[in-house]
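Naming follows writing order (A, B, C and D), and every chain is counted from residue 1.
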Amino acid sequence: MGILEVKDVNKRFGGLQALGDVNLSVAENTCHAIIGPNGAGKSTLLNCLVGKLIPDTGSVMFDGQSVLGRTPFEINQMGISRVFQTPEIFGDLTVMENMLIPCFARRDGSFALHGIRSVFSEGELRDQAEQMLEEVNMLDKRNMHSASMSRGDKRRLEMAMCLVQNPKLLLLDEPTAGMARADTNNTIDLLKEIKEKRDITIAIIEHDMHVVFSLADRITVLAQGTPLVEDTPENIKGHPKVKEAYLGEAA
Amino acid sequence: MFGLDKKDASLLLIVAVLVAFAPFLLNPFPEGSAMAQFNAGYPDLMQRFVIFGIFAIGFNILFGLTGYLSFGHAAFLGVGSYAAVWMFKLLSMNVIPAIILAVITAGVFALIIGYVSLRRSGIYFSILTLAFAQMSFALAYSVLTPITGGETGLQLALDDPRILDGANQTNNIPVPGFFGMEMRDSTDLVLGNWIFTFNVGYYFAAIIMLISFYVSIRIFRSPFGMMLRAVKSNQQRLNYTGLNPRPYTLAAFVISGMYAGLAGGLMASMDPLAGAERMFWTASGEVVLMTILGGVGTLIGPVLGAGMIKYMENIISKINADILHSWFAFLPDGLEDLVVTMIYPFIGKGWHLTLGIVFMLVVIFLPGGLVQGGQKLAGLFGRKKAEDTKTATTEPAE
Amino acid sequence: MDAIILQILNGLDKGSAYALIALGLTLIFGTLGVVNFAHGALFMIGAFCAVTLSRVLSLSHKVEVPGETDFLGNPMMRDVPYAYEIFGESLGAGIIDWAVPLSILFAIPVMILIGVIMERGLIKHFYKRPHADQILVTFGLAIVLQEIIKYFYGANPIPTPAPSAFVGSFDFGALVGFDPGTIIYPYWRLVYFAFAAVIIGAVFAFLQFTTFGMVVRAGMADRETVGLLGINIDKRFTIMFGLAAAVAGLAGVMYTPINSPNYHMGMDFLVLSFVVVVVGGMGSLPGAVLAGFLLGILESFASMREVIAIIPGINQVIIYLVAIIILLTRPRGLMGRKGVMED
Amino acid sequence: MSKGNLTRRGVLKTGAVAGAGLALPTYLSAQESGFTNAPTGSTVTLGFNVPQSGPYADEGADELRAYELAVEHLNGEGDGGMLQTFSSKALQGNGILGKKVEFVTGDTQTKSDAARASAKSMIEKDGAIMITGGSSSGVAVAVQALCQEAGIIFMAGLTHANDTTGKDKRANGFRHFFNSYMSGAALAPILAAQYGADRKAYHLTADYNWGYTTEEAVRSSTEALGWETVGTVLTPLTQTDFSSYITPVLQSDADVLVLNHYGGNMVNSLTNAVQFGLRERQVNGKQFEIVVPLYSELMARGAGSNIAGILGSQNWDWKLENQLGAKYTGTNAFVKSFGEKYGFPPSQAAHTCYVQTLLYADAVERAGSFQPCAVVEALEGFEFDGLGSGPTLYRAEDHQCFKDVVVVRGKENPENEFDLVEIVEVTPVEQVTYAPDHPQFAGGALGSCNNGA
């Protein structure tokens, strides 16, 4: 029984079958990659996991509980954090404030009206946030206006914001999209480190095979809304069906 | 100090000093001088400055922090006034129960309207709030006349019960007071040609305004304020960070509605009459303009904007042709007439024109509102001071 | 039955005015993303184009009337329009009589010019600024414009009648077998309705069948794309603004015989037109037109005694009530598109 | 024209001891004389609070003209206007009690809040001893209550609702203008005489206090003479297009439409009614008629040719003396000074404002004091003549003036824009007088006069 169990999920948009009978099981403390050509339904599947979309049929269980019908913030409170394809951060806030918000969310739940105590009297949360920033090498940028940072820094900040919540499951939506090779490698190293240090499950959608094969323990290949194969990276590499559907063209 | 950091504390202190000495600062010109027309240090206008300041501070908590533009905030001000006047009529002329009821009633109204309106965002939210406020105005002006007084406004009458105050001994309607201190009591200080008026109502409202300002600073600096800015910045991220934006925005809406109710209650306390025009869309628009004019999302900006608009409305509108002639009487006749003719369209009944021009000039040349103007000025006069103002007043909320 | 027919006619007529104003507003608001609080002022200026032209046409000089005196005992003076002398009495009188329709020709260039100047001189610099700044600057402009009009024309309404050929009413009822005089409708209001239909049709046709229109529609579907198209986009925005101003102005010109224009008529319509545009849905021209007619008709029905008797005060709030209901049941109004002015 | 400083503090400069010191707590810095803003110098300041922006700005401008003229005449400048014809000869043309009259102006915006703000600034900042003006009942009632509280005399400008001297009356407030009841009482007999006693009326009424009282007054007066009221509909203040309220009239069997509207509402509803052919309409063999209970010259100008043949009532008309003789003496004197100064005849709003200023000044002279209670006493029950409306009484019980009411009709072919109505008849004062406790004026109490301080 994996930490995330997707069973028989179907999703249609009008006449388009975006997802057809998707079954997926992600084991705890592994890194599971979902790959597939454009339009394979990867993002739709992701959106079904985090509450942005509700599947027409099927079930999505996380940690023994159904996520269906829950809102994104409820699902996050269950322990799923998501990194977006283009970094979603609070651009108007400083880096430190960006970090504090998930700290508050983790400690106080989805809503708490602490109107009077100053943000910066929260020493414990501050320490957590600083520690996390240290981990991603951004402590020196903590007072920066986050919108003015580079894209790579924004990505790292977003990752740090997700990680500081200590999620059980981290969803990564093409985390290295648009990055230079060096940045990509840094990200891979960061993720590897995270994997080693923490009890965390990672599900990753990625185009860059270098990233996928560096990180993934298991890979699911999605094509036209249906899982084609699910196997270890070694086996996927040589799988004829995958080559035909995906790698063939990529290679 | 008071749990504020140094910059905020000094800003609060500066505002407190300005407010305390407003009767001097607003009356800089000696009586009888030509410039005395520009003196604003009389009780009614000073009261208006601080009351509309409260209104704008509250509005800014919603608009400045969350970015939700309510176009119906005057409804809460109006509801607060009605509640306060009803307290004067039924319970007591003491302002405390009136103001408390005003705040509560406005809060309840804001909760209902906010709950419904916050289901939408952007312009759709603005129009929903506008629609609620316009409905309140239309009904208060007509169908609800028995409760609101309709066109003539809700007024006190000699035969109101006022159950806590006991029988009215005089044949005059009592005036609102604070445990024996009447809001309209004033003391004059005569210094040579200068006269400074210290009014109980003004100082009462000013103290409440300082408290409101302090609370607003605390909200700006609190985790709650940070969440509100996060709402404005990126709701999607907030959702995926496990936070529910709705109760945050609703709380901000209710708090700012209560500020509006407080302002309404104070207005009624200074002048016990509540008219339906207070809820008309132009009144809602006015607080929007005050906030933008002063500087959205800055702490002190809305207060400056409120002061500016009320000053124009009350001072510029009262300058008439005779006064102009008296100013320029030193010029030769023909020239005097020419100068007067040129200025005349902008003063007195043309005060709206001046207001419109000021709006345009400010927004064109000072995109950050009057606060930015202040910063520029401060920048001219010294670096140290500029630094202070800048950090104290502009959190990067915009 | 006849009452209902009449109220539908009333509704269509009110709806024409709402739809015309909302149409121009939504071109600016939904397409260019500018919150234009000066749109009501454009409507008002259109109306004063008609006032101005009719004043110019009836410019006169004074002629003493022998044997009569005025209220102060001075010799009585009578105005004789120059038009009488230039065109002869009957033609001159005819021209003055037709001042309002003639104003259309006068108003189109004036309004386009005003729109273009507004866009080039002011609005252009505000595309990238926050909506708050747009509100402040256009509201300031609206005040300035109406104060200028007030300075020259005063605050009192100025009667601007329709040509005498359009005075009177058309008896619909008699055509279809009702008693004569029960279903009548003033000619000019019918003209207004037809005029609105033509303008709305023309704007739609313009957007549907011209290259320019295609670009604009593409822009309304996806503003990014318009930005990417790059070339001459500034010019197109300017033209759009001029067009919107002209539509608002023409709505104003033709409205003058229905209600005497005054300097604050723009503000009276401003809030209403925003409600219409938003109820119609941001960025949707058909939505704005539909909402205009819908609100016009509902407003008319709500003003019937029978309706007020059931729900007192409904005539005061109907438009806002409907707006709330529609916005709560349809998140983006009747036909709004996702993502336009939602943040 | 008064030039120089115009503030109360200017007065203080010469009058009060200008030393440093903290005065005793007082309201609005009353002087030893024991009432608010007692003038101590050589001048006295009056506050003219009129609409200068918004829909009634032109009416406000006309009121202001009249006030300026009144100040001139009080100060002995110009030709003296109605001072020559006024039955009381207390005023000498040397100001009021020898003090030169100065004035301040403010903008009511026709909003009660703004009007009170403006009045307060006149009282607190400029030291005005009397406030006058306004062109709506909402404003009049609001400012009247304020003046009562502050201990200032309020001389109402144009306000027509019964409430001003009915349920919202105040001891410090006085109204010269006529009211809804008087309009009804004056119009009804003339309507019956002109249109017959067997008529069915349909009322469109502005949905606020003034509309309610006017409808009630006209209804009760006409019904007493045999008319039937077949329908009444309240219309929103913010309405601009009245077509949907007019068309139901076509369905009803009404043969008279009464428009209880004022200002922009009246201009629009009348224009719309004429558009729908109501003027040409025949119902059961009777000519359809439209009635506008409260006429004003400015509204008539706004409605243009639509007013032709429509009956209504006015407080006063500038042609009164010329057409109806010396009973209305004062009219011509006023029209002459006004016309010579401004080039056109005055409106009824201008007249009432001018007269109110004179009446106040005269009362102060007769009382020998600016003290509000003394002024109230002098005005209460004051009978006078020569101010254009014939013999008039300021009734003590409710501070309402009682005088003849003018019934007018829109001219078919007006010669110029200032001569749009013709006088049909004048209803004598006896017919429009009512008991102070008349049900239409029930509720409220004058209270006692307030000197402030």
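Convention: a contact is a pair of C-beta atoms (placed from the backbone, for glycine too) under 8 Å apart; a residue touches a chain by one contact, two chains touch by 3 or more.
Computed from a predicted model, the values in this text were never measured in an experiment.
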{"item": "Length of the shortest touching-chain route, subunit A through to subunit D", "value": "2"}
{"item": "Most centrally placed chain - per-chain CA mean versus overall CA mean", "value": "B"}
{"item": "Most contacted chain pair (by C-beta pair count)", "value": "B-D"}
{"item": "Separation of subunit A from subunit B, taking each centre as the mean of its C-alpha atoms, in whole Å", "value": "47"}
{"item": "Intercentroid distance (Cα basis), subunit C paired with subunit A, Å", "value": "52"}
{"item": "Length of the line joining the C-alpha centres of subunit B and subunit D, rounded to whole Å", "value": "33"}
{"item": "Rounded Å distance between subunit C and subunit D, as computed from the means of their C-alpha atoms", "value": "35"}
{"item": "Residues within subunit A bordering two or more other chains", "value": "none"}
{"item": "Residues of subunit C touching at least two other chains", "value": "316"}
{"item": "Multi-partner residues of subunit D (each touching 2 or more other chains)", "value": "53, 57, 207, 234, 236, 238"}
{"item": "Pairs of chains in contact (touch as defined earlier), listed by label", "value": "A-B, B-C, B-D, C-D"}
{"item": "Partner subunit D, residues of subunit C touching it in the complex", "value": "2-3, 6-7, 9-11, 13-14, 17, 71-72, 76, 78-79, 150, 154-159, 161, 168-169, 181-186, 188-189, 258-260, 262, 264-265, 268-269, 299-301, 303-305, 308, 315-316"}
{"item": "Residues on subunit B engaged by subunit D in the complex (per definition of touch)", "value": "31-34, 36-37, 39, 42-45, 48, 138, 141-143, 145, 150-153, 155-159, 170-173, 175, 182, 184-193, 195, 197, 271, 273, 275, 277-278, 313-314, 317-318, 320, 322-323, 325-326, 329, 348-349, 351-352"}
{"item": "List of subunit C residues in touch with subunit B within their complex", "value": "35, 122, 125, 129-133, 135-137, 139-144, 146-148, 151, 267, 271, 274-275, 278-279, 282, 312-313, 316-317, 320-321, 323-324, 327-328, 331-333, 341-343"}
{"item": "Residue ranges of subunit B in contact with subunit C within the complex", "value": "63, 67, 69, 116, 119-124, 127-128, 130-132, 134-135, 138-139, 141-143, 235, 281-282, 285, 288-289, 291-293, 296, 345, 350, 352-353, 355-360, 362-364, 367, 398"}
{"item": "Complex interface listing, subunit D residues touching subunit C", "value": "53-59, 207, 231, 233-236, 238, 240-241, 243-245, 247-248, 250-251, 264, 267-268, 271-272, 275-277, 280-282, 298, 301-306, 318-319, 335-336, 339-340, 345, 415-416, 418-419"}
